[in-house]
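Structures incoming, each one as structure tokens.
Consider the two complexes below, in which subunit A is the common component and subunit B and subunit C are the respective partners.
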Partner chain A sequence: MASPSSHRGQQHCCFNDWMNLQEHDLSELLQAQTVEENGGDKEVQLRRLVDKNVEHFQAYAQERTRLARDHVSPFFAPSWCSSLESSLLWLAGCRPSLFIRLIYALSGLEIESQIKEFLEGLRSSDLSDLSLSARQFSMVNELQGRTIKEEEKLSEEMACLQEKIADQPIAVIAKETTRVLGQSFETNEQADEALDDHSRSMVSILEAADKLRINTLKALVSILSPVQALDFLIAGKKLHICIHQWGNKRDQKHG
Partner chain B sequence: MASPSSHRGQQHCCFNDWMNLQEHDLSELLQAQTVEENGGDKEVQLRRLVDKNVEHFQAYAQERTRLARDHVSPFFAPSWCSSLESSLLWLAGCRPSLFIRLIYALSGLEIESQIKEFLEGLRSSDLSDLSLSARQFSMVNELQGRTIKEEEKLSEEMACLQEKIADQPIAVIAKETTRVLGQSFETNEQADEALDDHSRSMVSILEAADKLRINTLKALVSILSPVQALDFLIAGKKLHICIHQWGNKRDQKHG
Partner chain C sequence: MAGMCCGVNMVGGETETAKPVEPPSSQSARRRRMEIHQQFRFVASDVAVAPPLENGRKRQKVEVVVPLPPRKSSKLAPGSNEDEENKYFAVNGCGCVVSSSSSDRTPKFGMTSVCGRRRDMEDTVAIHPCFSKADSENHSNLHFFGVYDGHGCSHVAMRCKDRMHEIVKEEVETARDSSSWKETMKRSFSRMDREITDWSNAAADVSTSPCRCELRTPQCDAVGSTAVVAVVTPDKIIISNCGDSRAVLCRNGSAIPLSVDHKPDRPDELERIQEAGGRVIYWDGARVLGVLAMSRAIGDNYLKPYVISDPEVTIIDRTNEDDCLILATDGLWDVVSNDTACGVARICLQSRKPASPVRSPGRSCDATENASAGESSDKACADASILLTKLALARHSTDNVSVVVVDLRRNL
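This part shows the complex of A and B:
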């Protein structure tokens, strides 16, 4: 099929391709999880699979940035997402600190299930492959601190950018714009230039946010063992796909 | 015309009604600005007009909250706004600090034009009705500090709410959800309950953000003289209507 010619169509297509790729990657990750084989070979294979998934995310972000240069604002309020999904966005994507929160949730779940098994006599006191070690906890904790600081910095930049709309030149151009009664306000060269300038700043902030998302993901999987990283990527993809599909159903229900 | 039966239709209608009311209010404000009459009577009339505009904003916020109780997430990513407008949203509306930034922009513009007129010999050194006094500047400045602090508090609450998606119970329900190959993930009772709970928190944050927007607006117009408040409301409404219409045109251009 030829790719759509409009910018909006290409953006929508880019997101759909990404969701389809995530579905495909999820199947592959789930399959890898069931392989019984142990030892060095499996470790290497899993690490390769994890790296491939991170690369896919990076390629998606690059393609998105390329398209954003033509028309950036839809990425901050995408019509192709369910409203639930869109309401959870931070700078056109998920909060990087969400990855870390997910690791903690998975870890808590693992400990809970191990305690249960231990109390039921099904397990010795050894920790499973999925439990984070004390050293890993401390590294994740340190990464969380750094990530939240970076998030706050970018949130502040976005606040400045949003506030600038009510300042020179845009607010003044709007104030001085006149129109024929009953007609809408036309953009003029001045307004277009100011909005183009604003768009360029939005692209920069999108790039910075994507960079933070990717770097946080990379740092996180490098702290985790391949088996843990696999479990984390599966949970992350399932969460994203579920929120996307649950959100669509809720939107449909409300017309 | 009968009001639409779907929640989405009612939400869209609520926004359209608000934009139409703003158009009507803008005309009335512009007309009031041209009235030559001076003195106490005009002051009282203008103050009444300003208060009416603030009440309209408050009524819109109340109606929105009522509709949000049925389905909240579309208000955070509204399909009825242009993508430019949506990309500028902070908690489903404009940042309250934007009102203050606009006051500063208008004040700067006024001073600039007075200096120009003074240098051209068209004006004595007296300040016009629209210039902020030193006392007003200090009050606006103090309001800005308070508003930004409140904004930061609400932004943090929103961040917590967004991060909680990757925690118990939602992330765990998603992780444990299975599906028939090729089908989408169905919501179950557990997921629905968790998402309903999340929605209730989103309604609370929407209400808190609207309260801050309204309180900031009220505090601001109470600092301004009726003539200044009129000028500010005109500039604010023109800015909103322009961004809405310019954004629609830019979306159309990009397909």
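This part shows the complex of A and C:
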């Protein structure tokens, strides 16, 4: 078995690779946004690109689950994230409901100006299809409902798991552990076993949370048109990368 | 409604007026306390007709009940049309609902109700076309539209959705002649409020609790709801309002508010509250006892008698210049003015030709789904409600948003 430090090294690498890949993907997405092509081909191409991005996210999740099986807790308190990012973490990642908020923010940007044109009589296309179509709007809402419900369920699970630390068996093992004066408490087999058990539960929560993130993302891009999905992915990646970099800068500034 | 706020106890010097209410709570704590029912109900053009009422009412927050359009089919025995007409179907999650071919009887409307930027859904909407035939002289139907914005939890709003129209129906049908609309509606609201009180008193039986807040706090008096109810008759609109949801009439392009929000700092409301011995404290806006950001509501027992359930009733004659009626929760009105809302709704209605007088009954759902211009004014109302909702979200409304648009145009 590898040493803990090399575990963390691998985990850190996994994250860095992911951020680099996102930078790369972002460039590709931005480029695709500017390409002027005729309708049908572009749609197919964009859809493929969107799918590829989702697959990248999925691959990242799989990789970290694999790493988490060896040592899970760093993913919940990552040393590779800025304190800003860490403060935003929900079960080792972003809240899936964030995706929906981002959609609202993006569609909101369009509507205001378009409404003005409507009121001035400058527009007359299908009114309900502004920004998101009525159907998309309904589906996004449905997805939001489901997602928040799932989020709450996992939050509840995490709460239970965290509370369990203060209960049988870990609290009792801790209570009964003795030490020689001036030395730290030693771990014993019992404690290791209990903590391993705890870790396994953490891994399954991590897996479930990642699954929810991926499923929400997948559901969302399937609701959106390829062009919309592209905009959404670009905005999402920019947000992630910005928060990462801004957070690092702020940490440096405050020492 | 984000009306509930943290503890009155935190406001220095005002503690003596405070009854034990909610502990100071952050929004996230509130979230945890609250059951997330269905996050939203949305009324879109992709209508699916749900199973009949008794199956369809489990926990749906919005229930649109529409009379089955009378069939043209000659297979029906003479007279059976009447039964058909009385048979109700619940159409869940869709609002651009179905109009019958007898367009003079069933109003056109659209409805959208979404969770928006909140994590819990506390708005409910109830729409019951032809809910009563009290006006028997004219053989005309009365139509019911209600929008409820819950606070503290959703169960009072849910209860209003389930019961208000039934109560109003009873009151309307038993109290005719001498009784005015005003009295009828006041009685209805008072009965609704009493039912909530009785219900929460009896809610000791946890097993029947409809929502989680009761499981967690034995005392669930700190829950309430706004109610804005429109009864539409062939020649009148009767608006009864309690709280800060709002009804606005769009007439010849201009907005006529048919209700005045019950805010604690409204001068007459402030006076009433103070006369009753209550206080209005500015704590993130004006709040009764520093807690509730509206001065009237259904429920909210712990704030009685300062917060009352007495509605203000507005009766207005319909005219040929009426475009539509908009009922909505403050999720819309906080960020969209009456004028803008009317402008948007009016243009949506105008952009679609009114429904043609003869439509093939029973397939209106399909029709709206594939609607091209001119197919259905229900679609127009749905468009309007969706667009207004989207505008509210675009303007960063942080609340649930529910919008009902009723087409009032005549002789279509």
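The rule we apply is simple: the second predicted complex is superposed on the first by the 232 of 255 C-alpha atoms of A that agree within 3 Å, B and C clash if a C-alpha of one lies under 4 Å from a C-alpha of the other, contacts with A are read in each partner's own complex, and residues count from 1 in each chain.
To be clear about the criterion, contacts are C-beta pairs under 8 Å (C-beta built on N, C-alpha and C of every residue); 3 or more make two chains touch, one makes a residue touch a chain.
As the structure is a computational prediction, the values presented were derived from the model and not from experiment.
In the superposition on chain A, A:V35 makes contact with neither subunit B nor subunit C.
In the superposed model, A:K149 makes contact with subunit C only, not with subunit B. The partner of subunit A that touches more of its residues, comparing subunit B with subunit C, is B.
After overlaying the two complexes on the shared chain, residue contacts for A:D167 are found with subunit B alone; subunit C is out of touch. With both structures placed on the common chain, the touch criterion links A:H7 to subunit B but leaves subunit C unconnected. By the touch criterion defined above, A:V44 lies against neither subunit B nor subunit C after alignment on the C-alpha atoms of chain A.
Contact with both subunit B and subunit C is seen for A:R101 once the two complexes are overlaid on the shared chain. Once chain A of one complex is fitted onto chain A of the other, the partner contacts of A:I243 are limited to subunit B, with no touch recorded for subunit C. The intersection of subunit A residues touching subunit B with those touching subunit C, taken from the two complexes, comprises 97, 101, 104, 108-109.
Every residue of subunit B that touches subunit A in the complex is listed here, in rising order: 5-9, 70-74, 76-79, 81-84, 86-90, 94-95, 97-99, 101-102, 104-106, 108-109, 151, 155, 159, 162-168, 170-175, 177, 184-185, 187, 191, 195, 202, 234-235, 238-239, 241-243, 245-247, 249-251, 254-255. Residues of subunit A that touch subunit C in their complex: 97, 101, 104, 107-112, 115, 118-119, 121, 124, 126-128, 130-132, 134-135, 137-138, 141-142, 144-146, 148-149, 152. Remark: subunit C residues 31, 36, 38-40, 42-46, 114-117, 119, 121, 340, 343-344, 347-348, 351, 382-384, 386-387, 389-391, 393-396 touch subunit A in the complex.
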